[in-house]
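Two complexes, one shared chain (chain A), two partners (chain B, chain C).
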Partner chain A sequence: MNKRGDKLLSIYWFAILVLIAGGIFLMVYNFYNHPYDVREIEAEVLINSVADCLSSEGKINSELIYEGNFSEEFEENFLEKCHLAFESEVWELPQYYTEINFYNSSDLDSSVFNITKGNKNLVSGCVIQEEKEYEREVKCVEEEFFSFDENNNLYLIKILSIVRKTEKNAK
Partner chain B sequence: MKKEIGKRGAILMENVVFIILNLLFISILIVFLLKQGEGAIVLEQSYAKYIALVIDAAKPGMEIKIDMEKGKKLAEKNNIDFDEIVKISGNSVKIKLSKNGEYIYSFFNDVNVTCYPDTSNPEDVTAYIFKINEYNAHE
Partner chain C sequence: MPNKKAQVGEIVTWITATVIIILILILFIYASSIFAQKTKIVGVKNIKTEIKKETNWLEMKTDFAYQLASQEDKLIIEEWRETHE
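And now, the complex of A and B:
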């Protein structure tokens, strides 16, 4: 009786070992089967690059604003001026989008100038995620800061950056 | 008396075998867990994304040194030269640690980058240097 009990116990023990091993294998497989998602960091780095290009040491880039007027030429050639390359041979369509809005400090509700570059279709992805975040949607990051122009007028600059690259970062 | 000693010995033997089997099981699990994080697919992806992010945040004139010891060991195992594991073409980084696979990730910083193994210590070449030359010119 005792031997039979021992036998039963060892079968039971073996079954537990198999279950534990199976569980760990599944968890590990699931973990490593998911790609590392770096899009949020990428979007933050993009914001930093854009901010560095627009403003330095609290002063707005003189190429962008001169005597209170924003330069259309800077807006048109924004990607070249800020050394950004949104096109890539890896992707058919641009995987980035950036939108910059300038607000006069006396009226923070309506923007006085804006720059938008990249794939505009990505913006809808941010709207969808206003209430809940979806892994397979784009990553959106928004930052804002104040900066002076050469005449010491204060502007609020809001930068939105969006990164898609879903296939490489989410499953 | 003799019989009793024999029985005790059998019980001890069973316990020893049981403990050894358990230890073996735990060791196999630990080795499995450690090996999973060192696979070519995982390493290729993490190196490519890491390098792309570093380049995105870099400015011309910078020289960045990245340790790739794990990648080197894996590449050597798969008969790939260390100076061929990282390639930068246009604005994308390509990492190759196995004969059949590679991983490509793009960056947005419009810079010209050159990369080569760090040979400052010829006896221990395990790092790569990424030199950010200048911004790409556009006509």
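And now, the complex of A and C:
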């Protein structure tokens, strides 16, 4: 008997359906609109590439160290020697930074040689990354391993790798 | 006329239900946003420690060095490993 009431109720039900469908659409859109952040893996891959260039089968690259002396020439041409390219047409500034420190086994606190390549401005990002507001600015990964030179001197090699690419990996 | 109060009562119920539905939808949309931020970080830190140790490339390099090391150097490596585990 209440036909007008039934019509109003149908319109209301339709509106609720549209509202719920819209809500589900927004949830799915929200979730899939976030990019995957692969910078941590990228930083690890960079570290592995650098480590492979510096040391093989427990021995440091002979081009890097010879008769106990580290090669400045290797340090200057590090990117070419290790087949790394930090520059890109897509990015205005380099989005990578790597820092390698060598420590003699007799003193694991003092670095005897140092190689730094890439965008040095990214280093400060590792410090402020600890604040929640800036945790997605850069991804920093540091790894270390041991290796020998040709004279069987043991060295600890620390590699710090930083990847920025914030616009592509974080929202 | 006699159904006026019942109709008003029903409408109030539906308004309340609509408000609750909207609030739940807002909550779920917000939760999906938070969930997306937390789960879309691809890294190796989530992997179990045992598996990570076996597949860690730099750990294997240290193992190589350990095999070539003298007793004194082996002690240095072992001590370093203990402090870094």
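Basically, the second predicted complex is superposed on the first by the 141 of 171 C-alpha atoms of A that agree within 3 Å, B and C clash if a C-alpha of one lies under 4 Å from a C-alpha of the other, contacts with A are read in each partner's own complex, and residues count from 1 in each chain.
Throughout what follows, contacts are C-beta pairs under 8 Å (C-beta built on N, C-alpha and C of every residue); 3 or more make two chains touch, one makes a residue touch a chain.
All values derive from a computational prediction rather than experimental measurement.
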item	value
Which superposed partner A:105 touches (first chain B, second chain C, both, neither)	second
Chain B versus chain C as contact partner of A:35, first or second or both or neither	both
Touching partner for A:168 - first (chain B), second (chain C), both, neither	first
First, second, both or neither for A:16, with chain B first and chain C second	second
First, second, both or neither for A:84, with chain B first and chain C second	first
Which of chain B and chain C A:68 touches, first, second, both or neither	neither
Which of chain B and chain C A:48 touches, first, second, both or neither	both
Contact breadth on chain A, by residue count: chain C or chain B	C
Chain B and chain C footprints on chain A, overlapping residues	28, 32, 35-36, 38, 41, 48
For the chain A and chain B complex, residues of the former touching the latter	17, 21, 24-25, 28, 32, 35-36, 38, 41-42, 45-46, 48-49, 79-80, 83-86, 88-91, 95-96, 165, 168
Complex contacts: residues of chain C adjacent to chain A	7, 14, 18, 21-22, 25, 28-29, 32-33, 35-37, 40-45, 57-59, 61-62, 64-70, 73, 76-77, 80, 84
Chain B to chain A touching residues, read off their complex	25, 29, 32-33, 36-37, 39, 42, 45-46, 49, 52-53, 56-57, 89-92, 104-106, 108-111, 135-136, 138
Partner chain C, residues of chain A touching it in the complex	5, 12, 16, 19-20, 23, 26-28, 30-38, 40-41, 44, 47-48, 51-52, 55, 57-59, 105, 108, 143-148, 152, 154, 156, 159, 171
